[in-house]
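So that you can tell them apart, the chains are marked A, B and C in the order they are listed, and the count of residues begins at 1 in each.
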């Protein structure tokens, strides 16, 4: 294992473990990891059998007997590799059709697994080894790539395009109408029909119960490698860049572009028709109402450069104490 | 087409198009529109075949050859009409029963379309030409009007009343229990059972994965023409006025009344037992914790009149720069 | 009824009612309650037949004829008991199997009710008198206790443990992957597989479309008696204490611990790896980015002690008026 992780063993090279645990809970036969030095003290009293540590880790006390260290360049990344390895061993790669309605003109690749109470619409194409779980609804003319997983309760509307190796978590809704209305003179609303679609790249994850709306005329786009957490809303015509990470309960309004590799913390809101520069970080609950041209850290509602906001807030707090 | 839209043609009256596009992307055989002068420069280099413009639009440069203008009173509204026309041509008005369980005492109007894996409970009545998509759950004694669409994954609880021409988007939940608990002396909670219902008017849209809870004793009300976006929460006993537009991730707490024609931007929160005056606009992320008696624009958490908030925030920002 | 509620009758002891109403709407044959003196004036003109009042209530005017008072220690609590009594009379305690797929190795207790289009996975155990509504998806090796209700559209992933008398509202997702990714040098993300689970105690309610993610290695925990409202997110490895009440649209980030009996108002966000002391109240839209060690009331983003925040905000508002 150590060789596979690119590390070295300090201790018993034949040690075996059967499960994972957090460092403060490790027992005999378990594997733990130490990445954040805040938790270092747990290591010296740990009963775990194997501990993943950084290559340059220097113990400050004697190690427990029975603890084997595996030194790797990045213990957190090594843990990720191990968890993935265990998960993959459990995967079933085989063709399966549950109680489902698959349109005659739909076309499913090799070893596609389809659960129960699933509907797949006309002309839809699903790539090899993709898994469609129970109670999923897929519309017409949808294209889903290879090696995807669509979890239970997800709803994918007509004309949606999804790349390879994507994961759509339970209950997410992809491609329903955007929130488009024209105000009439009497104060009522007329609906704008949406005839566009959603295009999702490769290696994307969309969280549980998140919603990505289709565009009125063209495409709402989610770039390769993006990670969208639970209960996020991406509105019609928005463009989410590659490798964007968006935590829970974020809202991106219509036609806004979020640049590549941006990080949005929880409950961030970005108003419509804006552009956010690549490599920008928006801290939790930030509200963006104007373009962000300069990448950096932003905080507050409306958003300010991080340092500016914290300085102003320190004075705000002080005024409440006087 | 120009006649139908109430406009006039400047160019080739026999021009035909096959699809729509945004103004910056238009190609031959496509229709675009110009409503926001910010995008005017795209018109002069556009390859589109037809452009919807305002009646009083005066070109500042030569128009591209091959571009036909159609002048209408309101290009955005004209576009909405065209999109609706195309969508309607695709609609299927026919009776259909998929693999569904419809209670014997339920009663469905003419040309109602029911998809697969749908359940419809006892004594429920569904109006003519309403479409119930796959994987929808409808409880007992529900009344749904004519010409409605209920998208996949929606859940409609017993006793709910829905008007005509409503659209309930995927995964929305109508009529589940409100968040009602009584605190006990030991700090625990006793649940308050909810025996009321939800009443939704005509021409209402409820967004994907939004939730509208039923009242403990009477009705939670959504007024005619209201537009509720994805992932909104309307709590028990709230009353949403006519033609209210509520963007994504808003939360309206119990027993609060939102006046007619209010506009709520994204991620707004309104506390319980409050009244918000008609024709009020609440800007994004605003938090309302007291009645709003005077219609106008409000911003901030807690909410302040828009101008007051922005002035105070400008000083707040300045204090962070010093 | 009065005896059952621990109260006394002032008026007609044989009075009967058939439904409940709010105090301002009560008619003959209905029961209302007066708990908040703000509504007292409605009592004197009420046409209701029975009114629940506090034991020490002294009418300031003549009571309407035909109105019987029932005095109880706590009218709101008495109402809750009555609503529950009515609801329970409607419950059906009987074994039922709809059109469902139940794994052969799954084991269901006595009088379990299973609706249509439900899937229940291998080795899953469901306790006596639990009701699984239509369109629910339950994975493998799940344990659900007695007397639970799982509403339509809920999705419960493998290895989830749920106690007795829990209510999972429509569309909630329990046990999907947490939002775990490791940043790579090129800015992309590598997914961290989640092999842990979610453990929910007894007497818990999880709101519609809320999501509780499983942990990477151990358990995300929801304590006994907790009340989580619609559209909340509880992230991987979080620990929600006993009797915590969390209103709609809250987000609790990974590995954070919310102490027993905390109250979180709507749209609150708590960042990751934090501890919030028991018996703390977080006001609406509060954003917590550091440990809260002292129980009390907090407000603002970032969170401040309630009084500090309001004092500072009053000055903030003033600066916007000058």
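Convention: a contact is a pair of C-beta atoms (placed from the backbone, for glycine too) under 8 Å apart; a residue touches a chain by one contact, two chains touch by 3 or more.
Not measured: the values here are computed from a predicted model.
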item	value
Subunit B against subunit A, contact positions shared by both copies (same if over half, else different)	different
C-alpha-based rotation, subunit A on subunit C, 0 to 180 degrees, nearest 5	120
Averaged-CA centre spacing for the pair subunit B and subunit A, given as whole angstrom	27
Residues of subunit A whose C-beta touches two or more other chains	117, 135, 153, 171, 209, 231, 249, 267, 285, 301, 313, 316
Complex contacts: residues of subunit C adjacent to subunit A	101, 117, 119, 135, 137, 153, 155, 157, 171, 173, 176-177, 179-182, 187-195, 209, 211, 213, 216-218, 231, 233, 235, 237, 249, 251, 253, 267, 269, 271, 285, 287, 289, 301-302, 304, 307-313, 315-316
Of all residues in subunit B, those that touch subunit A in their complex	20-22, 25, 74, 76-77, 79-80, 83-84, 86-87, 98-99, 115-117, 133-135, 151-153, 167, 169-171, 203, 205, 207-209, 225, 227, 229-231, 242-243, 245, 247-249, 260-261, 265-267, 279, 284-285, 301, 313, 316-317, 319-321
